[in-house]
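After the structure tokens below, expect a handful of questions from me.
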Amino acid sequence: MASELPFKLNNKDIFRDNCLVNGEWVEAQSKKRFDVVDPGTGKIWATAPDNGPEDVDKTVEAAQAAFESYRKVNSRTRAQWLLKWDALIREHRDDIAKIVTYETGKPIAESQGELDYALGFTWWFAGEAERIQGTISTPAAPGRRVFTIKQPIGVAVALTPWNFPIAMILRKAGAALAAGCTMIVKPSPETPFSVLTLAYLALQAGFPPGVFNVLTTSLDNTPSLSEALCRHELVKKVTFTGSTRVGKLVAKICSDGLKKVTLELGGNCPFLIFEDADLEQAANGQACITANRVYVQKSIYEDFSKLIVQKTKGLVMGHGSEQKTTLGPVTTSRGLDKAESQVKDAVSNGGKLLLGNGQRTKDVGGYFFEPAIIGDANRDMLIANEETFAPVLALFPFDTEEEAVQRANDTSMGLASYYFTKNVDRTWRLFENLEAGMLGINTGNSSAAESPFGGIKESGYGKESGKDVAVNDAINSNSNFVFT
Amino acid sequence: MASELPFKLNNKDIFRDNCLVNGEWVEAQSKKRFDVVDPGTGKIWATAPDNGPEDVDKTVEAAQAAFESYRKVNSRTRAQWLLKWDALIREHRDDIAKIVTYETGKPIAESQGELDYALGFTWWFAGEAERIQGTISTPAAPGRRVFTIKQPIGVAVALTPWNFPIAMILRKAGAALAAGCTMIVKPSPETPFSVLTLAYLALQAGFPPGVFNVLTTSLDNTPSLSEALCRHELVKKVTFTGSTRVGKLVAKICSDGLKKVTLELGGNCPFLIFEDADLEQAANGQACITANRVYVQKSIYEDFSKLIVQKTKGLVMGHGSEQKTTLGPVTTSRGLDKAESQVKDAVSNGGKLLLGNGQRTKDVGGYFFEPAIIGDANRDMLIANEETFAPVLALFPFDTEEEAVQRANDTSMGLASYYFTKNVDRTWRLFENLEAGMLGINTGNSSAAESPFGGIKESGYGKESGKDVAVNDAINSNSNFVFT
Amino acid sequence: MASELPFKLNNKDIFRDNCLVNGEWVEAQSKKRFDVVDPGTGKIWATAPDNGPEDVDKTVEAAQAAFESYRKVNSRTRAQWLLKWDALIREHRDDIAKIVTYETGKPIAESQGELDYALGFTWWFAGEAERIQGTISTPAAPGRRVFTIKQPIGVAVALTPWNFPIAMILRKAGAALAAGCTMIVKPSPETPFSVLTLAYLALQAGFPPGVFNVLTTSLDNTPSLSEALCRHELVKKVTFTGSTRVGKLVAKICSDGLKKVTLELGGNCPFLIFEDADLEQAANGQACITANRVYVQKSIYEDFSKLIVQKTKGLVMGHGSEQKTTLGPVTTSRGLDKAESQVKDAVSNGGKLLLGNGQRTKDVGGYFFEPAIIGDANRDMLIANEETFAPVLALFPFDTEEEAVQRANDTSMGLASYYFTKNVDRTWRLFENLEAGMLGINTGNSSAAESPFGGIKESGYGKESGKDVAVNDAINSNSNFVFT
Amino acid sequence: MASELPFKLNNKDIFRDNCLVNGEWVEAQSKKRFDVVDPGTGKIWATAPDNGPEDVDKTVEAAQAAFESYRKVNSRTRAQWLLKWDALIREHRDDIAKIVTYETGKPIAESQGELDYALGFTWWFAGEAERIQGTISTPAAPGRRVFTIKQPIGVAVALTPWNFPIAMILRKAGAALAAGCTMIVKPSPETPFSVLTLAYLALQAGFPPGVFNVLTTSLDNTPSLSEALCRHELVKKVTFTGSTRVGKLVAKICSDGLKKVTLELGGNCPFLIFEDADLEQAANGQACITANRVYVQKSIYEDFSKLIVQKTKGLVMGHGSEQKTTLGPVTTSRGLDKAESQVKDAVSNGGKLLLGNGQRTKDVGGYFFEPAIIGDANRDMLIANEETFAPVLALFPFDTEEEAVQRANDTSMGLASYYFTKNVDRTWRLFENLEAGMLGINTGNSSAAESPFGGIKESGYGKESGKDVAVNDAINSNSNFVFT
């Protein structure tokens, strides 16, 4: 199989096109497979097992059997396996990055950047594994002591999207495996192979069979397979990253079994640029790739829009595998449809197209979209309320800080917000007034393994990294009384 | 109204028969009221507003308006209000206990005991309010600092049962008010007045209008009112104590709005008595009032069953308001039905009735049930699998520790387990092998404000007391990056 | 005795002129007494027992005997006593403030302010008492559990100065009593009566005899009494606030017995005013009372020195007991000598006297010093290197941030530093570059019970307030292994 | 040099006989060297630089210069260097163990065991480095936030003994290097080469020059060199392990400079064997090597003494480098003198010699002592009050638990205590009643990197391992206020 790949790997063994269940590489029971497309060419380049609900039982039972012994493995051993996994992934970083690029379209440098970011999680959780502590205290009732200990909850299921196929998995699996849980991952249909490389290396790292399992599936089978996983009696925890709509569904299904759920949902995160910001600092890193809603104070609106248009013009669009590419295709053709309709809607609502034509690039094979910047954006536009996974950025002028805060908060979401200012008083005010699970202050990037990751409001609940909190999310706390 | 009460209060003002919404004492919009019955006589002794879904909007909006300012109240002030509330409830302890007895049937000493236990929560959370801390750390990415701060989530709703009408409320409200949330309580139809005394005293203590609100309702309206509360857009957190069946429903309804949910569900908690236990210590405190499933090692089975029969015989059944009463009625007539059918089922499955006739006491007006002890109980009996809220206790003989653990864990529930042994090795083994959120070791009582309260498996999720954890449950954690 | 006081108290009982040892009010064994002078008039107004080394044994033994039972008192009871003590001190705030004013010369509003600040400690430590927790963890060695518990260390001795006679005691005693230690306080010879009011109220609050003891002494006997306390075999902890010179001596004496020592030593704390500061904010609160070394950026040096001269001119000098007084006398005549020599030295080293004549006020009886502001100060002046307890402020012009930081850090001390700037980048830089145990950012006040108090470098070690850290300072941590 | 070694190394490069200062291998300024003796033969086998006070300045200045940049190295990089160090030491474990055996006389398996134990520290502190967090809180004063951050204190000095030459260093250096401090180690004159292997590997691991430095010295120069290190103005922290007598001296010298001191001092740790213990478990591991004071309940005294005599007889005395050896020589000839006088004193005080003749082995070259067991020991014997570093064990019969506790606590020391019982009530009682920094319960070994290490009473202060506490010991905590 690997011999037909459209790219060359240093170590061909890491490319796996069957699933890992209980330490074995298996087909779906139905033997069906689904196609995976390169967004940079629009061509199918590999196929993966199309698992369905009938594949769930065997997998969960294997994960449960593995859990019974894995939970008793000393936490130092768990830490050592995590660290070995970390080392192996690090060793194969460039190979894995190539696969990510052919699955998602990302420029290769971005794929490598994702790997570097993602390795923060394996590294971090290796250190967390041995630091799970309980407490002893003396209650007011005489003659007693209270002991609180922490125990792993059981089999965890991870349902993940295509935008960060490696980082999502390592974040979720790092916490679960550190805590003593076993895991079943169902990756997005776009990105089965990147997670299968991780599975291969987890086995090499020493994790016993059944501790880390992967079930790939097609877009069609995703709902039924996911529901079967969420409903299985032996699954105790579900961690989902994706849309708010599906997140609610996952929560609902899990309510029947009273399973613990962690949800990392939609963002549509605002950027706020104040007149006392360092504009160069504000423009870097958000060049139309990551930010959609950018609120700019009127006194600097002209300067800032010129700067951002100029920076965006400097991007080089192309196939992600080419070194010079700094802007790849979007990952799915659905993404092109949405981006076109957002730009069209913005213009019809009074927006000015400062850059681009608002349309997909014609006749190029892949899913390319010409970067678009919309000026004079307002709250009636779709783009003010929806996430975009395409190079479309909207600039919203504002007058006062109060107005900016009000508009940034005017959404049911609350994943992250970003603001740029040099004034210390404003820094504190926004710190407390912006409604978001994460804030970036003079930076467009607010995530790392060392700090809690997670949104508020309809962006979900639960935390997936950071000191103590993420492993606790995969854990039961028991409290115990002693009377002597 | 208070002049017609069947008992005398030191301070008549604390008896309230209207609801508290936004600092005002109000009727239901429908003006309807429902009856409250004394389980010790079977007679109606008062009526309370029968609120419905149409009463929700106004209440939630008031709680949200109050939240906007209450969240900014300094935590020391919140602590002082909690402590003042604590002092006022303490001052009116005996009056409130009387009301609890007329609502639930509990002997007056038990009602007073509940008050003493419940006051642990107001006292404890007063100290927690000022100890909510965030963190600062330095991530691996250069030039950054990560700040994590904690903010109150918003309006919280408490749905509570009748078995501990005061303690449940103070546990839930203590955490929420300490954290800076506002709260709406919907008490059980059996116990509206006890929670209304707390509402009255909260106002006296200085909590601003809208911070603590109560909506009473009848059994019929409970589902629709509860659902309307859970679905309201401005409600951010629901904390429920009750049956597993209803808990799942609450979780499902809340999934639509992605609301945070804490569930304290059913128990049916096992007691394990080993041959190396102090039998007197083991028999005390569980005399058929609190324990249903008691597993006794065969070598001491005879001795222990004699001891427990003898202790149970010593109980004095009567109206809870009489000083000599040590066993009151059950709270609802449904409780009598269930107890009778459980005993009947047990006997038909091979159980021996060691005490009692397994039936309600005839012709006494109130909901009295003669205490029953079932010997030679086995896993096929209903009582091995269902909670009982009546004086029915079943003794299950066992041979080995492994067998005892297996049978104790053989339930979908996991609230609490209790074991009695003097051997230190066994103590550690059971400490880790019993599946329960709380363990009592050589004690039949495993709850205090200072330690986390909550079950695992189908007994729910979330923690409602203890250092840090309970206030955290009412809180969003935000993480924030600084780039300089 | 109290009938001869030069002021009137609401409750004469709180004025005590004998010492409290083991719950009894006692003279020194020698029967000697020493005089206490009102710095506002220079007249003796009361006398106190002049204890010597021979008074130590009995006191320490009483404290040790009390410790044996106090350590086992439930932490909730300790919390309740602390809270009752807090309430009683609060009730007598104005009476105690009067005594402080007659001991130290402080304006009455400042004395009351000290009481308010000091009550933060009793309040805070009441909450800390019940939150002392140990930990349970699972080590890498198989079959083990590690338990860490915390136990009170034993008898603690507090040696305190005159500048904050109430706050120092409540900070030290609050932590010790919360942790389960007993305490012996040796107050400064200037301020015996304020601490004796606290002792009286501690007894009223319910603390058992021997838990809180006070030994007053004269300036002459201070070294020998202090040394005897530090050397006593049963004393396990010494907490000292005072000069660096004496602090080193205390540490040296305690080294023989390997006693734990907390030292809060000299300050001479710098203020840094940057050109982007809010000058009004910067000038408030440091009006020559609290700050000695003020570094001002040259571009705003003129404006700021005018502002501070003008604000200082507005102060009203007088006896502290008069309501209109905003500047009292210094506490000791030694303070006058030092202040005169510092100003003289400053002028001879190129300083300009922008306000005052640099001398004590003649012929007024009390220890008054005309407020002095020295412009163009430089590092060769005594005032750049010594603490001052008189209204003398020196303004040091600077050019760059680097220079300001270098000069602020150019001292062996490291208690606190203060800076005023509105730029967020500078805020972070200084946050990490200034060498001090405490930093005030846009505030001249950086202390509260809720945050750790303590210096670095030669300003001492140990922390005396804050969550967890202060009680931990009065505690042994034991770690314990279990092998099953 | 290495070519003349009396043993063979896999990697000769790790044997270093010059000191490491600022990344360079240097002689003492005096060029003097001192001899190192093999305790198994009594022969000199190598020499090391005999540094004196004149060598201190250059070394401390280098460590301070290194500190200025090392403190700013990202904590992840510090963690990676620690982990690389850990891997390199692990790789050279057997070589280093050989050196330890030739320095200390330990059987090679014990030396390897020390390496395995010691590597727990490098591994552990790699994880600690990135987990140093500060806090943010909101104080009662309005408009403020309190930030507490933690910063490394500066140059740390480690003064270590010969009994665990590798473990002591890795424990002290692990914490310091994780926290961001630089370190100067002065090893014991018996064990210079084992620490120099660590220094060599620290350089290989990537630690910059000056971060880890070693100054070896002779017994004669030890006091003057140590004092010069403790007095140097740039040294901020001293961590000492050794005798209580010298520990007090270190504390006294450090008091002049107000340096932070951690002291791990003498032990003479008691073992308590109760009649309900598992005797086999109790006898294992303490076979006269590690325990001196063993308290045995009278009802099992006969059985236990037979068991321990029999187990001790099974030991094979010989040169540590021989595989079959299970009992090596003592490390110094002073140790022989002390052991002989202790046994003689015990017998003259009524002790029975149950095993051995109480004397050194004659005419064998090395420092061998025939294992001795003293029965019927009592409190008047020297061995009841002094540490022994030779195979001498004393059995003290006792009647009751109270008596055992009283005698175990009847010492000025408080490093560790050990007890063996199967009763859970007794377990809790002793847990709280024994006065020791560490307790072993049914185990004779109570130390691991994951738990705090340190004594109470005259066994010192400060903690040297465990989660958070050890790195905190090498750190200043700064608290900072923000007013907006």
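Read from first to last, the chains carry the letters A, B, C and D; within each, the first residue is number 1.
We take it that a residue touches a chain if its C-beta (ideal position, glycine included) is under 8 Å from a C-beta of that chain, and two chains touch if they have at least 3 such contacts.
Please read these numbers as outputs of a predicted model, since none were measured by experiment.
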Check every other chain and keep only those touching both subunit C and subunit D; list them.
A, B
Going by the average position of its CA atoms, which chain sits the greatest distance from subunit A?
C
Could you state the distance in Å from the CA-based centre of subunit A to that of subunit C?
51
Please tell me the distance, in whole Å, between the geometric centres of subunit B and subunit C computed from their C-alpha atoms.
47
Distance in whole angstrom between the CA centres of subunit A and subunit B is 38
For subunit B, what residues touch not just one other chain but two or more?
76, 130, 133, 135, 137, 140, 147-149, 424-425, 441-442, 450, 467, 482, 484
Subunit C partner contacts - residues on subunit A that touch it in the complex
74-76, 130, 132-138, 140, 142, 147-149, 421-425, 427, 442
With touch defined as at the start, can you tell me which subunit C residues reach subunit B in the complex?
76, 79, 123-124, 126-127, 130-131, 133, 145, 424-425, 428-429, 450, 467, 482, 484
Which of the residues in subunit C come into contact with subunit D in the complex?
120, 135, 137, 139-141, 144, 146-149, 151, 153, 244, 247-249, 251-252, 254-258, 260, 263, 265, 281, 431-432, 436-443, 445-446, 448, 450-454, 456-458, 460-461, 463, 466-467, 469, 476-484
